[in-house]
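Structures incoming, each one as structure tokens.
Two complexes are shown next, each including chain A; its partner changes from chain B in the first to chain C in the second.
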Partner chain A sequence: MVTTAVTSAGIASEEPRSDFGRVLAQRERRFAAALLAPAFLALLATTTFPLLFLVYTSAFRMDLAMPFTNGFVGFENYQVLLSDERFWTSLLVSLVYTGSTVTLQVIIGLALALLVMDMKRGQGWFRVIAILPVVLSPAVVGMIWRTFMLAPEFGIVDFLAINAGLGSKNWLGDPTLAMVSVIAIHTWQWTPFAFMVLLASLASLPEDIYEAARLDRASAWQRFRRITLPLLRPAIVMVIIMRTMVALTAFAAIFTVTAGGPGTATEILNLYAYRKSFTELSIGYGSALAVALLIVTIIISGILFAMRRAK
Partner chain B sequence: MTAKRLRIIALLAISTVFLLAWAFPILWSVLNSLKTDSDVLAYPPKLVFAPTLEAYRDVLFGSGSILPNLLSSVIISVGTTIVTMLMAVPAAYALARLRFRGKKFAGFYVLATQMLPPVGIIIPYFLVLRNIGWIDTYQGIILIYLSFSLPFAIWLLVSYFEDIPFEMEEAAYLDGASRLKTLWRIIIPQVRGGIAVTIVFVFLNAWNEFLFAVVLSGNTVRPVTVAMFNFVSVEQTLWAKLAAVSVLAMLPVVVLGVVAQKHIVKGLTVGAVKGGGRR
Partner chain C sequence: MPSFTPTRRTLLKTGTAAAALATLGPAFLRQAAAQDADLAPYKAAQIDWQQVSGETITVAVIPASYFENLITLAPQFKALTGIDVRFEKIPPAQIRQKSVIDLTSKTGTYATHAADPMYYALYAANKWVEPLDTYLADKSLTDPAWFKLDDIIPAWRSANGIDGKLYGMPYDGEVTIQVYRKDLYDAKGLKPADTLEAYMSNAAALNTPNDRVWGAALRGVAGAGQNMYIYPSIFREFGGDWMKGGKLTVNGPEAEAALAWYIDIMKKYAPTAAANWNWPDIADAFSQGTVASYIDAHSSASVINNPEKSKVIGKVGYARWPKGPSGKRTTSIWNWGFPINAALPEKKRKATWLFIQWAASAETQARTAHKFAGPTKRSGVNRTSVWKDPDYIKLMNGFGENFVEATMGALQEDTDVDWRPRVPQWPAIGDTMATAIQSALSGQATIKAALDDAQRRIEPMMRG
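Up next, the complex of A and B:
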């Protein structure tokens, strides 16, 4: 209270009345700067600085296991990368992993949201259960699936497979099955997310359009194609963008379940960059891989954001 | 009439299958945590057994107890939450309510910081922290956690700040209150709910984070998500104990998730659309 009185008195005496608005605006700017400073300094230190340093590191040979070979190499890491088969494989694995899990999440999530929307009772159960996978740590989720669900001849999935007459399968040891497994786990964990977001936007659609459509004798499928889907489009695209960003840089669950294996069957680009840097201790090349991942992320998000604006 | 009844039965069947599919892995871990190792390994899987708390007693108080790791998780999560909120609340207020040049850019910057893949951040960060001796320290981990918790918290809070009518602030200024006082006395109480939700999310994300934790943790600071690996090795898996540790790691987030259930969708959409989140 005292400080207020002093400052406003100060302004009144120092500045002519006509400039009062300008002074207020200036004070507002200063206040804003003071409020923003701590957060922006922290963001600079933890995101922008590492990014610049990453690009810098990617121009070096930086091998923690063999420090004597370290030195500036310019674009050499990127040249190596372009002819690195493991890089192209991991990029392909990333795209397959991201594309399939996001597609599954959106389709299953939307189907379930439409189904639950029609339910008179029991919606609450869905809402509570759907929260569970979403709040769990992907590392814990991965561990549970790796052990209690997918372990051969012991996990529940294998138990079901044997009883369904499919026989025991090496779910995480076979390259194709391992890929299917990590996609299934990611889909299991994040479909509820798509479900919740789409259910929320379904609930906000105007009811009277549907009434009118029913009077016009539009079939359920027609109502879905002509009304629900177009109205839901922004929400669906939003879910796709969010889920794609996360799937591209998924780490914990894959790391826990297969660690990228068998071989490099489930090694997404993100995991390759990690392994190169922290397992093989080749930090310079790992940095170049991380920059490549950043570029891929930017390209894909650019395409998705353009999709959002189109139409 | 029969067609309608068939439809209802089909609906019930499908929804039961999905509810089970989502709940089952979690329920199964809880059940396994109450078994002995031989009961866990029984074939066919046992649904009826004599429950025991032995696994919990062992992982909490036995040798190689995970209590220190749970404590690490708590310190990291609470520390991250406090630091994040102290920085995010003022920043979000400024972005939502004040006029200044470069505001659009500032908002875009916060958004863009979330685009960075975490693996790209941790590589350079690891080098720096190694040089200043901050590997295996709380401050090292909490600082890097700001890279994802701050943008997330700021965007979530902005959406709550924007919901307050401007008249409230104007009335306070006219009464002669300073800006800081208006923020503290008038605005903050209005967004208490939003702040609570943000705290829940920041805590959840910090508790669940894994990549940074795995790179930066050591013998002193090792959160439970990383320590969990002690129970699985090439030679043997300590089944019941692993289940017990998983349940302990899940417990805080599940409780928070269910309690904050109603607010979580808003948090997920705002936070994730504008600010990424946990991987």
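Up next, the complex of A and C:
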């Protein structure tokens, strides 16, 4: 329907009028809006509405196990949350988990990218192999690590540890080692992403600056510190932002490897919110936890975005 | 499928069906005759199976062989009642959440589902499912003389009842027993343990990690149906009472002693990895010959007797739960039962009940067990009469020495319906306890601190 209108307007343009351009622009805008509307509505329905509903739910007591206590409670869930020790522990676990995985991903990813840049042959192969962990489902990765790699006495990592003289370790049953393990798993899976992004940026750096630096007798370390790092800065910050947002809301791998255990040693905030909502059936309080996670994520990525603009 | 042995009744029925369908042609005739023979045992019931013909219901089950066998028989149910059944397979970890979400939203997606007995208190408090007594009492829907409710294992029925009302019909169930390596025990002159103390010393005698054999294994991974499947039995055997003075209590001296026993055996005589194991991991390790004994569901017998994977076939023996210091044996009794979703319209509820009656009937239980043509045999049939059938006993005793005696002994004598606190808040309580047990096991907290913390967290859940 709308297209015919535009065509007929086109035919009418044989005799140009003064306001014709304006009418046409207006019609095009309307046409564009009509085309966008379904996508926009779908976006509202699938992202904005559930988010608002989440915030709304967090103002209620909604406990499926005790339906007779349900009702509006305002900010009560948030008050409870502030004095909930397990919330603070899980927030701390989230921050440790995110901080260490992101740092490791950037450092290892950058090191690998620098290494591969100098490779004369086999770069293509290396890229293909490196990308493999990324395409695996985190739940599958979790299962593999839990059963084949980390099981004491039975797994590959433990076998290597025994042969290296470290002895058998309870990788997922010891609170500290379990945390180290889930960090290692996440890093193993997502470092290739950092590696690919940084490698692409490295490849696009202008060769002549390095040429000039070499003429000025700058050492390799100086070239890295003064040229490579500053030029890579936007890419690194981008990697940090993207990986932080994902790590804060990580779920599947931890859920399959430790389910937050032993005890609550690897229970990140996301997992705690899930358990509260769906295992303990306290939907209202679970929503408040999810909103808290949302706020934390917004604050941290806000800070990172500000840092990106800083220079 | 059973072989066709004509009785007077089936002959008569086949004859009637043949006469009725004679005009429809020979192809129809053959099909109808075959089906009628299959359906004869059901048609003996004095009810109209066809009363809601044309309805479609969806049933959520878990991907397990005992449900697979039932799905194979579904065409017979369709022929009998004219009701279409669509099965949806959901892993055990998710089926509870999915069904709770369906029941809360009252959409009636699942007419019935494989339900955890611990959830009936929650379901009943919310009126999400219908009490089954009205269906059982309705003469147009149930023929009590044919269905024989009393024949269904009493322990499972009481586990599915709240205040004397039945909310879910047991379909397949289990009970925990001791499983041990008869060859290793015999070599050392040991006997299966009669007490928890003896179980510990047996484990000590057989624990030789250097030869890759560990003394025992219990579920270690945290979860309401995982470590909280085993611990409650120990708690009760140490004299623990969930509802001390009417108040839900999870700490105190009995709880501390029970948890200490559990942690002791797990730390000293179980593979280190068992701290993260659920029953399939334990059964796998046992079938590889690395574990000398474990206490778990009797249904894991099929895993340790899988000829393709197991190295211990013919070397396995079974015994009842060891007694605790209180002198009691308390097994975990558990079953997958079928409730009726209260959000369904009346006709669909009737269709669902007919399905449940069919699935839980002695005939279907036998046809999915020893009379099943496929390779997998059920070890959790719901009827005492089937457990007394020589064919079934023969099949079950193939799992190893003393299997039927240990299982039936446990089912009939060692059960305690309140071995876990049966309250609507169970999902939250079970998860909180599971986390506490694991944090004590991993050394994150002391036994007392872990239990006291759990008590502190559970109290507000109970206040409401």
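To be clear about the criterion, the second predicted complex is superposed on the first by the 297 of 311 C-alpha atoms of A that agree within 3 Å, B and C clash if a C-alpha of one lies under 4 Å from a C-alpha of the other, contacts with A are read in each partner's own complex, and residues count from 1 in each chain.
Here is the rule we use: a contact is a pair of C-beta atoms (placed from the backbone, for glycine too) under 8 Å apart; a residue touches a chain by one contact, two chains touch by 3 or more.
All figures in this text were calculated on a predicted structure; none of them were measured in a lab.
Visitor: Let's test your reading of the overlay: on chain A, do chain B and chain C clash or fit side by side?
Guide: Pair status: clash.
Visitor: What is the contact status of A:F278 with respect to chain B (first) and chain C (second): first, second, both, or neither?
Guide: In the superposition, A:F278 touches chain B and chain C alike.
Visitor: Check the residue A:F154 against both partner chains and state whether it touches chain B (first), chain C (second), both, or neither.
Guide: After superposition on chain A, A:F154 lies in contact with both partners, chain B and chain C.
Visitor: With the two complexes superposed on chain A, say which partner A:T228 touches: chain B (first), chain C (second), both, or neither.
Guide: In the superposed model, A:T228 contacts neither chain B nor chain C.
Visitor: With the two complexes superposed on chain A, say which partner A:T69 touches: chain B (first), chain C (second), both, or neither.
Guide: Only chain C is touched by A:T69; chain B is not.
Visitor: Can A:P262 be said to touch chain B (first), chain C (second), both, or neither?
Guide: A:P262 sits against chain C, while chain B stays out of touch.
Visitor: Contacts for A:G173 in the overlay, against chain B (first) and chain C (second): which applies, first, second, both or neither?
Guide: After superposing on A, A:G173 lies in contact with chain C but is clear of chain B.
Visitor: Should A:N77 be classified as contacting the first partner (chain B), the second (chain C), both, or neither?
Guide: neither
Visitor: Both chain B and chain C contact which residues of chain A?
Guide: Shared contact residues on chain A: 146, 153-154, 278.
Visitor: In the complex of these two chains, what residues of chain A are touching chain C?
Guide: Within the complex, chain A touches chain C at residues 64-69, 146, 151-155, 168, 170, 172-175, 178, 258-265, 275, 278-282.
Visitor: Would you mind writing out the residues of chain C in touch with chain A in their complex?
Guide: Interface residues on the chain C side: 97, 100, 104, 122, 125-126, 209, 212, 220-224, 271-273, 275-276, 424-428, 431-432, 435-436, 438-445, 450, 461, 464.
Visitor: Residue numbers of chain B touching chain A in their complex, please.
Guide: Interface residues on chain B, with respect to chain A: 11, 14-15, 18-19, 21-26, 28-29, 32, 41, 43-45, 86-88, 90-91, 93-95, 98-101, 103, 106, 109-110, 113, 115-121, 123-128, 143-144, 146-147, 150-151, 154, 176-181, 204, 207-208, 210-211, 214-215, 225-226, 228, 232, 237, 239, 242-243, 246, 249-250, 253-254, 256-258, 261, 264-265, 268-269, 272-273, 276-279.
Visitor: In the complex of these two chains, what residues of chain A are touching chain B?
Guide: On the chain A side, the touching residues are 1, 3-5, 7-8, 25, 27-29, 31-36, 38-40, 42-43, 45-51, 53-54, 57, 112, 115-116, 118-119, 122, 125-141, 143-149, 153-154, 156, 159, 188, 192-193, 196-197, 200, 238, 241-242, 245-246, 248-252, 255, 270, 273-274, 277-278, 283, 286-287, 290-291, 293-294, 297-298, 301.
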